[in-house]
Amino acid sequence: MTNFKKGISRRRLIKTGLAGVLATGVSPYIFSRSAFAQEFCNAPTGDTVTLGFNVPLTGAYADEGADELRAFELAVEHLNGEGDGGMIPHFSSDALTGNGILGKRVAYVTGDTQTQSDAARDSARRMIERDGALMISGGSSSGVAIAVQGLCQEMGVIFMAALTHSNDTTGKDRRRYGFRHFFNAYQSGIGLGPQLGDAYGTDRRAYHLTADYTWGWTQEESMIAATEALGWETAETVRTPVGAGDFSQYITPVLNSGADVLILNHYGFDGVNSLTQAVQFGLKDRQANGKNFQIVLPLVSDLMAAGAGNAMQGVFGTSNWYWSQQDEGSKAFTNSFGAKYGRPPSQAAHTSYVQTLLYADAAERAGTFYPPEVIRALEDYEFDGLGNGPTLYRGADHQCFKDVFVVQGKENPSNEFDLLEVVSTASRDNVTYAPDFFEGELGPYDPAMC
Amino acid sequence: MEAIFAQLLNGLDKGGAYALIALGLTLVFGTLGVVNFAHGALFMLGAFCAVAFRELITYEIVTTDPEQLSPWGSPLEIRTPIAQQYLGDWGAVIIDYSVPLSILLAIPVMLIIGIVMERGLIKHFYNRPHAEQILVTFGLAIVLQELVKTFFGPNPIPQPMPSTFRGAADVGSWLGLTPGAVTYPWWRLVYFLFSIGILSAVFAFLRFTTFGMVVRAGMADRETVRLLGIDIDRRFTLMFGLAAVVAGLAGVMYTPLLPPNYHLGMEFLVLSFVVVVVGGMGSLPGAVAAGFLLGILQSFASMTAIKNLIPGIDQIIIYLLAVVILLVRPRGLMGRRGVMES
Amino acid sequence: MNVLRLPRQDVILFAVFAIVVLTMPIWLTPFGAAYPGLMQKFAIFAIFAVGFNILFGLTGYLSFGHAAFLGVGSYTAVWSFKLFTMDAIPALIFAVLMSGVFALGIGFVSLRRSGIYFAILTLAFAQMSYNLAYSVLTPITNGETALQLTNNDPRVIDMMFMERTAGLPSPSIFGQPLGGIGGFYLCAVLLLVAFFIAQKVFASPFGMMLRAIKSNQTRMSYTGFNTRPYALTAFVISGMYAGLAGGLLAVTDPLAGAERMEWTASGEVVLMTILGGVGTLVGPVIGAWLIKYLENIFSAFNEGMLHATFSWLPDGVEDIVVAVTSKFVGEGWHLTLGLVFVLIVVFLPGGIMEGVRRIRSAVANRRDNRRTRFSTSAAE
Amino acid sequence: MQYSNNTVLHVADVHKRFAGLHALADIDLEVEEGKTHAIIGPNGAGKSTLLNVIVGRLAPSSGAVVFDGQVLTGKKPHEINQMGVARVFQTPEIFPDLSVLQNVMTPAFAKRDGAFRIRMLNPLANEAALREEAEEALADVGMIERRHLHAASLSRGDKRRLELAMCLIQKPRLLLLDEPTAGMSRHDTNTTIELLKKIKSRGMTKVIIEHDMHVVFSLADKISVLAGGRIIAEGAPDAVRGDPRVQEAYLGGAH
């Protein structure tokens, strides 16, 4: 059985197709190939190293997925020494020199997760088994990220999660082979809580509409904890299916519920749809309990703000990063991205870009692609210059700790990209929690033979 | 009380959409005897008529303003829609009203699409088994939605409603309830009235024109009408075109409520089939009644009180109803004997 | 041994089929499809389609909700992993039994109607399962996130024999791990078993009864047959096939998501069966392979590869050719699928197998037009 | 209720009303074991309604149909068949997608295995006994050389003969024939009549529904004449032929 496996995972044979078969003398070869071809899954043998970018190109988070892909392409360009280098010169580590990773040129393959766990795992498997991807990145849905992270653990391939905001990703579902730069719902709650208290007072009744999956659940939980700490009451929590499109049947009951704040635990197109429909139902102009009715969108991106248009004005949320940040790294990244694509990068693009750089940097510092060594290089790594200030990649749960930005939809945008305003920042110390706050287990370092 | 009334209202616009789609489905089915799985795609094509129309009139001229800089340091691009450039304020009004105006585009386009579909493909399937009709139209639906995806991309494209109709009407205060107790977005009200208008027009057309009489006679007994020497095929082709227009218009006006994407049709298709079956295969009033009934029921099932009583009911109410109706009243609410029972 | 007995031509067919399936890792290599993930899919979806064909191909009942049983099989298998043991055998047995129970219930109700009403009933049941799996049944299905293994699963049987290890366990069979090519051979062997059983059904009096139901249900009842239990048996068998396929999906990748039950997934197996040839033994298998191959390989084509393919053309022409063809590959492969499907239904209602037969009879015109066993459905 | 000893089918005081229309009135028929009983009447006389009442498709408004001591009303078609009643339809009901041989084997299975039994272990090809039986039945109706043809490709007359073979192989106690020559060419009609004569001697009871008097005179032992939903005459063929009421019904009817 083992011989089969080793033989089959000879990527070159498969990739080069017919020519490869003819050149190597067809079938007997497949079964007798040396068992020592590689000591870990997809060890790069040629002069390129292949990364796999698994993003949603269809479904509720397709906008984010497309932006992630742009950032991945840009990161690969910069790693290979093309373009202006983006954030690399401002990165606190100087291991990256623009000659690929460990001297090997970076190539990449892409896949569509369709915002579905099943499809995402299929696509990740294809990239690992067929295309020989050494690292998988991507996300845009926590359900997908957790599913793919589990697969990567099994196959011994490092997963650098991009946009995933659920507490579970580095909480109960944390994995040794999975890393997250993005912040999480709990941190959003810590950041957003005081801001909501300042703006809306302590006597409020909140109605939650929640995307019915891991991210929505943990965000709802975190927002309830944060708002109830302020003294708010929770009127009702209602789960809505992901990709529901028309949320009107869920919004109508809000009108007579006695609530005066609507918290939309939705993201992507779901967030855009539920927010605009809530505004259509007149919620923003409404009075309840003698106060102005308010809408909160705890996790917000500029892509959503663009989709929601006017409806976004004045609405509070949190963001992992926003392009108007004035540190050198952020400015360099925004310029480089804007010059290439004619638009500023979203937070999804930013985290994807940073994760790719962080993986490359870790491999350089480890001096090998051997996953356990790369993992150790990432664990408890302290860095700066990638847009969020000093950041720690905590080894105990593979979560990054850094400042969290509270944003608000701008009332008078000066141009079509200037949609959000950073109104406050929750410091890294504030949003840091104990590693065992969420229970979970990372699992072993041992590389698997995919 | 107010909550129930609010949900009733909320069911009306959805019910209107279901009724319009189911009406076309039933027309095609009743006249041509074809089970058209591509009917949802026609709804989607209608929605994309609105998208295309808006893209046409908002085609932009790009100028750069060296005074202002974009976030990445190059001169800021300023985009002006052509309509606004040349027509000034009127252009702005046209853009504002792009959704209702795109009906003007949708009617001829959908008519042509319908006729081409019928002449090109559907007519060869009149006498083939229903299973094959389902399959070929299912394939056609895939082709249509993928074509739309190639041209318009996979993402939903929001269509703003005219600014006059933004916000919500205080329906409650019209009826003497507490002001603000029952509000209902203006556009949903418009959509409901629009669907009533279209439904009335179609029924009037079928009742009061000779064309309609022939079609109704054909629905009852195709062979007899043929024996009378009436060229019923040509009328049926037009009928298919009409069904396409009805579905298309339903789609056009729905865009501000739900940003259209390429698989919008599939989502509505399953539901509209359930509507047709519940209403009774081949019964036009049945289709309309069932459309509104299901829209309202779906809305009611989402009420918290009901969901607490029967968890998950909002997710399955439509299908559950379909199963019960099919088992208890196999011909649906108003179905005729002998339809699809061979 | 009656159990194993088959007519001679079926024995030959089975032998050829077995060779084709077992040597997949060799002959798929030139097609770039010889990687375990895809080959497992080939075997699994072939099982699904062969089973679906026992219902649709033989009895003519068009189910638009068969993916529900696939999903039930997956969920059951993952639960078997979580509760009892990581061994694949009990997981698959539970998956088949559980989906059989579901099929019995749904079939009992749905088969009270026929034709399009039956299709809508099955569709409604599948959509209900799908929606419930996404919402209220989250404690059982884990909703959108999909049901997965965790470190604290009880796994009572495994725990009797071994210590809990740090990492997640993976499915095995008799202690042998099932990753990669091993997983493929498990699927392949089960495909052969499934195919053999289908051959038995096709060749048996029971199979003839099912064809007779499709052919003329009225005559069937006036001939003294109670048709509903026959159709129900076929429905349950094909539901169990779907459950086996679903269980195997979970064995090769221990995760079960609700989208497996969506009606588009049910539509896919219909496409596979039609594309290959309804009512034939081999057709559904070919249909399943073709669609899965297109999905995996065709969809991965991008503009760069097209430019490489057409680089021998003059520049301007190349750009146009690439621009046009790119609409049909990569993201647009569904367009190709839809077009092929429409063309098949219009011109070749018997699917690829009918095409093969037409070619064969055109070539070997001398032989008398004896009807082969591949010909039940198409001739109408 | 009193039956003569050899009555096998008794239609007892059956009335059938459809919204206002009295389709069958006071029908009382006794069909004797082993005899051929023809029910004739002009179009619209109620023959089809009567047949549908006999086979349980329509429930009578009052009265009952008794076969071999058991009430047929409310029974499902397959149950009635399993009791020993076979039926030939007005338009031949066969299995167009099966071969001619398989068409005849199918009812043989129903006879042997009952209404429902799954036989999966043994291939069809091994059912030699049933196949021989089927081939005999086909030889009987003169179609043995066509046994491998697709049933859909048969002519209408051949389809009728095939259907007859499908009924005969079950050796039913009662055979119902619904206008066995309807829509047939002269030639096919003659062959069918010859065939029916041939099987007449086999002792199975037959009920023939027919609107063409001439077809049944040479076949029937007893004829009941139906007109306007009532039996207006009954008796041996010769007696019925001369009955003036019958003449009137046919001349005044649609004929």
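Labels for the chains are A, B, C and D, by order of writing; each one numbers its residues from 1.
Basically, contacts are C-beta pairs under 8 Å (C-beta built on N, C-alpha and C of every residue); 3 or more make two chains touch, one makes a residue touch a chain.
For each chain, UniProt lists the protein as follows: A = Leucine-binding protein domain-containing protein; B, C = Branched-chain amino acid ABC transporter permease; D = ABC transporter ATP-binding protein.
All of these numbers come straight from a predicted model, not from anything done at the bench.
For the pair chain C and chain D, there is no chain touching both partners.
At the far end from chain D, in terms of centres built from Cα atoms, lies A.
Every chain gets a centre from its CA atoms, and the centre nearest the mean of all protein CA atoms is that of C. Annotation: 34 Å between the Cα-based centres of chain B and chain C. Rounded to whole angstrom, the centroid-to-centroid distance between chain A and chain D, based on C-alpha atoms, equals 75 Å.
Our note on geometry: chain B versus chain D, Cα centroid distance of 52 Å, whole angstroms.
Each of the following residues of chain C touches two or more other chains: 131, 134-135, 331, 380. Residues of chain B found to touch two or more other chains are 154, 315. Along chain A, residues 57, 241 each make contact with two or more other chains. Of all possible chain pairs, the ones that touch are A-B, A-C, B-C, C-D. For chain C in complex with chain A, the residues that touch the partner chain are 25-26, 29-32, 34-38, 41, 131, 134-135, 138, 143-146, 148-151, 165-168, 170, 176, 179-182, 253, 255, 257, 259-260, 296, 300, 331.
Note for the complex: chain D touches chain C at residues 55, 76-78, 81-82, 86-87, 89, 93-99, 102, 105-107, 109-111, 114-116, 118-127, 148, 150, 152, 166, 170. On the chain B side of its complex with chain A, the touching residues are 2-3, 6-7, 9-11, 13-14, 68, 70-74, 76-77, 154-156, 158, 160, 166-168, 180-185, 187-188, 257-259, 267, 298-299, 302-304, 314-315. Of all residues in chain A, only 1, 4-5, 8-9, 13-15, 17-18, 20-21, 26-27, 30, 57, 109, 112, 116-119, 121-122, 125-126, 129-130, 142-143, 146-147, 150-151, 153-155, 172-173, 176, 211-214, 239, 241-242, 441, 443-444, 446, 448-450 touch chain C in the complex they form. The touching residues of chain B, counted against chain C in their complex, run 35, 121, 124, 128-132, 134-136, 138-143, 146-147, 149-150, 154, 266, 270, 273-274, 277, 281, 311-312, 315-316, 319-320, 322-323, 326-327, 330, 340-342.
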